[in-house]
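Note that subunit A is present in both complexes that follow, paired respectively with subunit B and with subunit C.
Coming up: the complex of A and B.
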């Protein structure tokens, strides 16, 4: 796994974070995000838009918020939840987004672990399984918040993961 | 916005081996795993056996009931959790042949003074949903081989298995 690029949001915040011109030389990709939203609330949805576009996604999630557990399915671009402006000051949520076989021209499977932060109850943590049924290789990835902007000091790092060649693997 | 591009990129995972199945297979074994790293990461990606069940591993060919696990699963319409002991190291539970990925972190695999623990994340959006498993192998031996199978039968052609190492 190799760190390709880190984006740090500067003064004034940002509506989105984009990794563009992603090299096609890796097997898988991982994004690690530390973020906080300007939304006036506890949770904001963090979306991942492959090649800048929404759609072609189906997902199932398991999430908890300190007092209850839910599981559901959506056809959105949700990958995690980000704490909003009413959570404890200076707390940032984080997420790890694993994207398999991103250069494939068939469906891709995405796995996400995400956690909000709040020095109180009622902030969401989730694991999410996503099927992206688009048949275009991912050359750019955009992170955006559904209802707010990324605050200053939010960061996202893109990693490339290159699988090894076959060695003494035994297949039966 | 500050942007840092790592040129050249900075390595963290070290690729050990990978295989893409050219034909269906009942098991894949990573043998003679080097003992020079701290942790291992296994990534399985592809279609699953249609009959469903657990993708799992046996460490060092141990098929005794030395594995224990706790897991939580969200299937979309419901969720569940369980704890159990088994004769295999479970990662996930798949349903149907839909595309899935499983990411397994095996901690301190080369240590000889502790039981081995794993954290697994399974994702099958059109099947079983999202799951997290924590497992333990009750053995202090270093892990030298990992044999991967599926309760539901053969892995289909095209499934990939990749093993990575992490240095401390």
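Coming up: the complex of A and C.
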């Protein structure tokens, strides 16, 4: 597992973070995100747009927010939830997003594990499994908040994961 | 919301070059479309959950009306 690039959002925030021209030399990819949204609320949806495009997704989620647990399905690009402006000041949520076989020209799976942060009883955490049915290899990945902007100091790191030298992942 | 969205960060993973770019109108429109779709999905989920909760309460009340105790109903349906 090797860090490819890290982005830290500067002053003024940003609507999205894009990793472009991703090398095709890895087996899988993983993005680790620490983020907070400007949205006026507790949660903002964090989307992942492969090659900058929405669509081709079928996902199942399991989430909880301190008072209830929900499960369901969507066809959006949702990968996690990010705490908004009404959560405890200066707290950031985090998520890890795992993308398998990103150079494949057939369907790919994306699995995420994310949590918000709030010194109160209400903020979402979620695990999400996505089937991306697009047949284009991923050469760029865009992280985008659906209702707000990333605040300053939000970070995202893209990692590349290589299969074992025998052509398969080696577990010891 | 559209007025808040102004820039995006793009980092080229092959060269390491980082750019801060203004969003195009097409990108702003795409974000708005995704937000609307999300709101619709959330509304549908909320409606389904309310319907399920109402059915659960109705079923619970019917069991109580049959003479089961609260503890018995809870043991049966949680």
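The working rule: the second predicted complex is superposed on the first by the 166 of 172 C-alpha atoms of A that agree within 3 Å, B and C clash if a C-alpha of one lies under 4 Å from a C-alpha of the other, contacts with A are read in each partner's own complex, and residues count from 1 in each chain.
One rule holds for everything that comes next: a contact is a pair of C-beta atoms (placed from the backbone, for glycine too) under 8 Å apart; a residue touches a chain by one contact, two chains touch by 3 or more.
Since we're looking at a predicted model, the values are computed, not measured.
Once the two complexes are laid over each other on the shared chain, residue contacts for A:14 go to subunit B and to subunit C alike. Legend: residue contacts after superposition of the two complexes on their common chain; A:47 is shown touching subunit C, with no touch to subunit B. Residue contacts after overlaying the shared chain place A:72 against subunit B and subunit C alike. Judged by the touch definition given at the top, the superposed model places A:4 against both subunit B and subunit C.
Shared-chain residue A:148: touches subunit C; no touch with subunit B.
With both complexes superposed, B is the one of subunit B and subunit C in contact with more subunit A residues. Judged by the touch definition given at the top, the superposed model places A:161 against subunit B, while subunit C stays out of reach. Of the two partner chains, subunit B is the only one touched by A:111; subunit C is not. Shared interface residues of subunit A (contacting subunit B in one complex, subunit C in the other): 4-5, 7, 9-10, 14, 17, 70, 72.
Subunit A makes touch with subunit B in their complex at residues 1-10, 14, 17, 27-28, 58-63, 69-73, 98, 100-101, 107-111, 113, 127-131, 159-172. The part of subunit B that touches subunit A in the complex is made up of residues 1-6, 8-13, 15-19, 21, 25-32, 43, 45, 72-79, 98-101, 103, 121-126, 128-132, 160-164. Of all residues in subunit A, only 4-5, 7, 9-10, 12-23, 38, 45, 47, 54, 70, 72, 74, 76-78, 142, 144, 146-149, 158 touch subunit C in the complex they form. Within the complex formed with subunit A, the subunit C residues making contact are 1, 4-16, 18, 20, 23, 27, 30-31, 33-35, 37-38, 41, 45, 48-49.
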